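The data blocks that follow each hold one structure.
After this come two complexes, each holding subunit A, first together with subunit B and then together with subunit C.
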Partner chain A sequence: MTAPPPSVWTTLQTLGSSTDFQTKVYRNDTAGLYLWVSYVEPMVDMEFVARSIFPYLFHCPFSSLEEIHRALPIDDAYISSDPNNVKEKLLEGYLFIRLHETDETGLLVKAQKTLERALTVPEVEFSVVGPKESFIESLETNLFLLRKRIPIDRLTVKMTTVGTLSKTKVAVVYIDGIANPDNVQTVLQRIEEVEFDEIIDSSYIVQIISDNRHSPFPQLLDTERPDRVAAVLAEGKVAIMVDGSPHVLIGPTTLVEFFSSFEDYFLNWTVASFFRLIRLFSVTFSILITPMYVATLNYHYELIPKDLLGTLITSRREIPFPPILEVLFLELTIELLREAGARLPTKVGQTIGIVGGIVIGTASVEAGLTSNVLLILVALAALASFTTPVYKIGNTIRLMRFPFILFAEIWGLLGVAFCFCIIVTHLLYLTSLGRPFLSPLYPPRWRDLKDALVRLPFTSQSKRPETLRTEQPIRFDGKKAKQKRDIDE
Partner chain B sequence: MASVAERLQVSPFMTFFIIMSMQIGIGVLGFQRIIAETAGHDAWISVLLAGASSHLILILIYWLLQQADGDFVLLHQRLFGRWVGGVLSLLLVLYFAIMPFVVLSTYIEVVQVWMFPDLKTWEFSLALFLLCLYITFGGFRIVVGICFFCLIIPSYLVFTFWFVLDYSDFYQLLPIFDHSPSAILKAAKQMTLTMLGYETVLFFYPFIKGGKQSAKWAHAAVLTTTLFYTLLTILTLAYFSENQLQRQIWPTLMMWKVVELPFIERFEYIGIANWLLIILPNICLGLWCSSRICKQLFSIRQKMALLVITTICFFCTLWIDDRAEIDFANTILNRAGFYFLYIWIPCLAGITYIVKKVRGNV
Partner chain C sequence: MSMRTALLIGVTVALLCGCVRKEILDDINIESAVGFDEAGKEKIRGTIVIPVYKRGETANKTLTTVSSTAKDVLEELQYKTSEPLVSGSIEIALYGKQLAKQGIFPFIDQFRRDASIGTRLYLAVVDGTAKHLLEGNYGRQGNGIYLSNLLKQNIERRDLPKTNLHLFLKTYYADGKDPFLPYIRRVGEDVQVIGVVLFRGDRVVDTIGQSDMFYFKIVADGYSEGTHTVRLNNKKYVSIKNISTKRTISFSGPKTRPHIHVHIALEGIVREYKHGPFTSAVRRSVEKTFEQQIRSQTEALLRRFQEKQIDPIGFGDLAASRYRQFRHRDFYKHYSQLPIRITADVTIRDTGIIE
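Then we have the complex of A and B:
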C-alpha cells in the first residue's frame, strides 16, 4: 500500500501540530469574502504584515487570488499549490492565503522577520589600521559587504543548500575570468557532496571538504574580514560563505598564508616584511624551544657553554623531576590556563590569566617544582604561539609541540630532527583544493615568493600567484608602475 | 617514452636539487682523510678531476637516455634480450637497495660514536625506515620534496665553516703539484665515490617534465657539488696538518668543534642531528629507485616492492653493526658504483653506438 501523495491540506495538518503554526480567518467586508491566512508565527514580521499587507487584504474588492496578488504591493508573492514548496516557504516566514479552508491553491506572500546583529569590529583578526568591519551571521549582509568592495559584474555567486535538517545556504563566490574554473568546480562539487544533517558553521564545511580530514593543519583559510576576502578573490581564489557563520572560507590556500596577517598589506612593505619574519621566527621558536630544553638537559648538556650551564644548573638544582615531566607540567598548565580563559567571560578570564600566569608560575618555581629558566621559556613559547594571525593555525602549533617534546625525550636532538622530517613529509602530502599546500616553497614558485615569507612592495605584485593557475595571471602593468626616473627630472 | 602522467612529474630544475641532495651524503663527514692519504695537500686537485669526470659520465648518461627514450631498464632488455638485460637491471636493484642500509648504518655509527653510545640500532632504523616508507608511498613528488627541503634547510651549515677560517693556514697547500700524477689520479678515483648519486637520473628521468631540459640542471648540480667539495677539501687541508688529518675519521665533525656561539658550545651535535636531513634523501631515493626498477622488471606493484626492500634493508642494518662490517659494506657499494658508472656506462654507450650503426635504431 502506498501512502497518498501529500496534499497542501495534509501538509498544513502536519504543521498544525506545532502550536506556533497559526491559521486565522479574516473577513473582507468590501468583497464579502473570508480569507484563511496561515503562517509560522516566530518567522513572520507581524508589524510588517499589519502595516503593509492587511490594509490591502481587507479593504480592496476582489474575488480571486490573482486579484489579491495584483493588489498587493509586495514583490515576492506568488500562487502555489505544490505542498513541498508551501511547506518550505511557510517555514521561511511566508504567509499562505487561501479563500476556502480546503483549497489546495493559495497565495504565498513574503513577510519574513529579519533579525541580525549590527556590523562589528573584527575581533579575531583585529588590525590597528585598515577597515574595521567584519562579517556577521547573515549571508545577505556578508554578500553585500563583499559586493560593495568588488562592484563588477564578473563577481559570481553560486548558491547551494547543504544539510538535510539545517538547509543551510552556502554561497561559492569567485571572480569569473580570474579564478581557475577547476578550483571553482572542485569547491562546488565537494559542497554538493557534503553529507551531514545540521551544518551550523563554516568550520563544519571546512572539516568535511578538506583534502585531508585527519590533518591538524587547516587546509582552508578562514577569515572574518571582508577586505581580506575581497583581496584574495582578486588574486583568483575562491571563497565559501555559509549562512549563519561570520567566518568565510578561502581556498586554495598555502601554509605561508596562515602566517600573513592582513595588516601586513596596510603597512609599508619593509615593516610588514619584518613583522612577517618575526612571526615565522616566533612560530619556530614556539615549537622548538621546549623540545630543545628537554633534549639538551637530558642528553646534550655539552651543547651549552660553561657560563650558561651554571645558570641552568643552579635553577634546576632543587627540582626533583626529570626535564620531560617539568616541561609537560608547565606546558599543560599553560594549555589549561588558555582553555579556562577561553571558556570564561572576559572579566573573569582576565583574572584567571593573572592568577594563573603570576601566581602558579611563581609558586611552582618557589616550591621547587619547575626551574625558572623553563618558566621563562614556556611563557615565551606560549606568547609566541599567539602571534599567529590566524587563530586555527595557532592551535595547530600548540599541538605540534607535544610530539616534538616526546621525540626529544627519546632521541634528543636527533629526535627533534626526526620529528621535523615527519612533519615536513606530512606537509608535503597536504593539498588545498588539490593545490600543493607548501607552495610557493615546494614546488618552488620563485615569483610567488614576493608575497610569502616577506611582502614586497605593491609595484612588484603585478602578477597573480602562479600556484593558483589563474585565467588572467597579470594584475596590472608592472613595468608602468615601476617606471624609473633619472635624478633631477 | 615511458608514459608518466603529467601531474606526477616535476619541473626540470628540480633535477638540481635531486642530484645534489643525492651526491651530498654521509661521505661529506669523512672523505677528506681518504683522499689526503694518497694525494696529500694536492687532494683538492683530485676533487676537481673527479668532478670533471662526473660531468663526462653525465653527458654519456644523457646520451643513453635519449637513445632509450628515457627508459634505462628497457634499454638493457633491447640490447641484451629479456633475460640477460633483466639480470643486469636486477643488479641495479641490488645496488640501490644496498645504498639505503649502508648510508643508514654509517649514520647510526656516527651517532653512536659522537652522541648516543647507547642508541639502539634497531629502534632508530625501524623508525627511520617507517618514515621512509611514509615518504616513498607518496610517490616521486613527495620524495623530491624531501630532497628539496633536506638540501635547503641544512644549507645554513655552510656558514659554520666561517669559524674554521680563523684557524686555517692556507700555506699548507703549497707547493702545488707536489704529488705524482698517478697519486692524484688515484685520489680522484677514490673521490668519485663521494661524488656518486647522479646515476639516479637514469631512473627518475621519465618523471621530469621535458626531460631533456634537465641536463643543464644536472650539470649545474654536479658542478656545485664539485665546488663545494673542493672548497671543503681546501679548508680541511688548511685547518689540519697532514699527520693530524690522518688520525681523524670524520674531519668535518672535528672542524665543527671550533664553532663558537654564545649559546652553543659543541656545534657538531647540532651538525649530526642536522645530518639526518642530509641522509634522508639518499635513503628515500635509493628505495624509490630500486622499487621502481622492480616494478618495471616484474610488473608488480611498487608498494609491494617497497615493503619487501625496506624490510630487507631493515634486517640488514641489524645484521651489520660493527665498524669493520660497515666499512666493508661501504667499500662494496662504492666499488659497485664505480664499476657501474665508469666501466659499465661507457661500455653501454659504446655498445649502443655500434648497435645503432648496425640496426639503425636501438
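Then we have the complex of A and C:
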C-alpha cells in the first residue's frame, strides 16, 4: 500500500496542526463570493495585507483567480497548485487565496514581513578612517551594499539553498571575467555538497567547506566590511554570503591576508607597511615569548645576556614552581580572563579587567607564585595576540602557544624549533580553495609581495595577485598611473 | 597527518623527553669567573666566583680548592655547593703569573670543548695569584661582569689589543703568530690593566708595560682609539687622541729573508696643549716628534720580539699570504736577523673648537 500523493488539501491539513497557521473566510460583497485566505501568521505583514491587498479583494468584481491576480497591484503573485511550492511559500510568508475550501488551486501573494536591524558601524573590524557601514543579517541588504560599490553587469551572484531544515540562502558572488572560473566552480560545488540540517551562520559554512577541516587555521577570511569584500572581488576573489549572517567569507585567502587590516589601504603606504610589520612582529612575539622563557630558563641559561641574568634570578628566586607551571598558571589565567570577559555583559566586563589585571597580576607576584618578569611577558604576549585584525586568527595564535610551551619544556629550544617545523609543514600543506595558503611566501610569488608583508603604493598595485590565477591579470595601466600629469611639471 | 605519523611523533616525544638534562636557572650555581694558580708541586689551585644576586646589587661568593689536574679542580668544587655548578656563563678566566710561565693550555682546553661556553670568553694573566684577585669585591654587578667589562672597555676604547678565547686559540695553533693576553693586577679594591703578556706556545716569555701598549696595539691590531701624550723637545706636552690608524706591512726580497716594512699612518686630534696657541709650526713639530717616537718605540718593541724569538704581530702569517710556497720554518730560522723598517705618518686633523 502506498501513501496517497500529497495534495494541497493534505498539505494545508498538516500545516493546520500548528496554531499559528490561519485560514480565514472573507466574503466579497461586490461579487458575492467567499474567499479562503490561508497564511502563517508570524511571517505575514498584516498591516501591509490590510492596506494593500484586502481593499482589492473585497471591493473588486471578479469571478476567477486570474481576475484577482490581474487586479492586485503586487508583482510577486501567481497561481499554483503544486503542494510543495504552496507549502514553501506559505512558510516564507505568502498568502494563499482560494475560492472554495477544497480547491487544489489557489493564488499565492507575497506579504512577507521583513524585520531587520539598521546598518551599524563595524565592531570587529573597526577602522578610524574609511567607510563605517557593516553587513547585517539580511542577505538582500548585504547584496545591496555590495552592488552599490560594484555597479557593473559582470558582478555575478549565484544563489543556492543549503541546510535541510534551515533552507538558508547562500549567495556566491564574483566578478565574471576577473575571478578564475575554477575558483568559482570549487566554491559552488562545495556549497552544493554541504550536508547539514541547520546552517545558522557563515562560520558553519567555512567549517564545512574548508580544505582541511581539522586545521586550527581558518582557510577562508571572514569580514563584516562591504568595502573589504568589494576590494577583494576586484582582485579576483570569490565571496560567499550567507543569509542571516553579517560575516561574509572570502576565498582563496592566504596566511598573510589575515594580518592585513583593511585600514592599511586607507593610510599612506609607508605608515601602513610599518603597521603591518608591527603586527607580524607582535604575532611572532606572542607565539614565541613564553616558550622561549620556558626553554631558556630550563635549559639554556648560557644564552641569557649577563646583565639580564641578575634580574631574572632575583625575580625567580622566591618562586616554588618550575618555569613550566609558572607559565601555564599565568597563561591560563589570561585565557580565563579573556573567556570571562567575552561572556559577561560589557559593564561587568570592565570589573573583570580590573580584577584580572591588578588583583590577580600583582597579587600573584607578591605571593611569590609567579615572577614579575614573566607577568610582563605574558601580559605583552596577550596584548600582542589581540593586534590581529581578523578575530579568528587571533584565537589560533593564542592556541598555538601551548604546543610550543610543551615542546619547550621537553626539549628546550630544540623543541621550539621542532614545533615550528611541524607548524610550518602544516601551513605548507594547507590550501584555501585549492590555492596555496602560504603564498606568496611559498610557493614564492615575488610579484605578490607588493601587498603581503608590506603594502606598496597603489601605483605599484597594477597587477592582480598571481596566486589567484585571474582571468584578467592587469588591474590598470601601471605606467600611466606612475606618470605625474600636473600642468606645472 | 595520518594516525600512524601522529602516534610515531607522540611516542618519540614521550621516549626522548628525558634525554636533555634540565638546568633551571634559579636551581644552579652559575660561575661567572674562574682562576687558576700554581699550588706547590704538581698541584693546581682553582678558584671560582659565583654571583649572589640580590635586589639592586650582586655579591660574590668565592670557592677555592687544590687538585692535581685542571678538570678536577672545578669538579671538586661541586662537593662544596648545594646546587650544581655550571660553567656556561663564565665571563673571564684568569691565570696566575707563575702558572702562566709553565703553560696555560691544559687549563684552556676544557673551555674549548664545552659547547655552552662562548668563544668570546676573555682570558687574562694576573700579576700575583688569581685567587687573591678574585677574592676582592668589584663593582655592583659582581666580579665576573666587572672584570670582563674592564677588559672590554680597554680593548674597545683604549690601548689593550683585542684578545679572547677564540683569538688565543687561533694564534696558539697558527704557525706564524704567537698569542698574547692582557696582564692585570689587583690594586687595593680595584683591578688595573698593567700591560700585555706575550707567549711562546702557551708559556709567558715577556711582558709589555702600559707605556708600550699604545705602540703594540697599533702594530698588532692596526687600530687604536686611545689618547697618547707626546713629549716635545722643549719639555712641553701635548695630548693627542687617536682617531684613525692605518698600518700596512709589506715584504720585499727573498721569502726566507724578506725585508719587512711597517708603515703607520695615524690621524689624531689635540686633546690638551697648555703652552700657548697651537700654531702650524707647533703642529708640524708635534707631528714630527710623534712620528719619531712611533718609529723608535715600535722599532725597540719589534727588536725585542726578534730577540725573544716570538712573533705576536704575526709577520709569519702575513708573509705566508704574500709568498708562494712559503715555509714558516725557514722564515723563523732567520727571524731574529730580519731587517724591519718602520715609517710613520702623523696628521693632526683638529686642534679644538675654541682658539
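Operating definition for what follows: the second predicted complex is superposed on the first by the 483 of 489 C-alpha atoms of A that agree within 3 Å, B and C clash if a C-alpha of one lies under 4 Å from a C-alpha of the other, contacts with A are read in each partner's own complex, and residues count from 1 in each chain.
We take it that a contact is a pair of C-beta atoms (placed from the backbone, for glycine too) under 8 Å apart; a residue touches a chain by one contact, two chains touch by 3 or more.
Source: prediction; values computed, not measured.
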Item to check | Superposed partners subunit B and subunit C on subunit A - clash or fit | outcome: clash
Checklist entry - Counting only touches as set out at the top, which of subunit B and subunit C does A:156 meet: first, second, both, neither? => result neither
Next on the checklist: According to the stated criteria, A:302 is in contact with first (subunit B), second (subunit C), both, or neither; which is it?
Outcome noted: both
Next on the checklist: Contact-wise, after the overlay, does A:63 reach subunit B, subunit C, both or neither (first, second, both, neither)?
Outcome noted: neither
Item to check | subunit B versus subunit C as contact partner of A:362, first or second or both or neither | outcome: neither
Next on the checklist: By the touch definition at the top of the document, which applies to A:417: first (subunit B), second (subunit C), both, or neither?
Outcome noted: first
Checklist entry - Which holds for A:14: it touches subunit B only (first), subunit C only (second), both, or neither? => result neither
Next on the checklist: Under the stated touch criterion, which partner chain does A:317 make contact with: subunit B (first), subunit C (second), both, or neither?
Outcome noted: second
Checklist outcome for this item: subunit B stretch colliding with subunit C in the overlay (listed: 20-28, 38-46, 182-190 or 236-244) is 236-244
Checklist outcome for this item: After superposition on chain A, the subunit A residues reached by both subunit B and subunit C are 299, 302, 304, 306, 411-412, 414, 422
Next on the checklist: Using the touch definition from the top, list the residues of subunit A that touch subunit C in their complex.
Outcome noted: 296-299, 301-302, 304, 306-307, 309-310, 312-314, 316-317, 319, 322-323, 407, 410-412, 414, 422, 426
Checklist outcome for this item: Within their complex, subunit C touches subunit A through residues 1, 9, 13, 16-17, 19-20, 22-26, 28, 30, 32, 51, 53-55, 58, 86, 88-89, 91, 116-118, 141-142, 144-145, 148
Next on the checklist: Per the contact definition, I'd like the list of subunit A residues that touch subunit B in the complex.
Outcome noted: 299-300, 302-306, 308, 411-414, 416-418, 420-422, 424-425, 428-429, 438, 441-444
Checklist entry - If you look only at subunit B, which of its residues touch subunit A in the complex? => result 10-11, 14, 111, 115-116, 119, 124, 127-128, 131, 134-135, 138, 141-142, 145-146, 148-150, 262-266, 269-270, 272-274, 276-277, 280
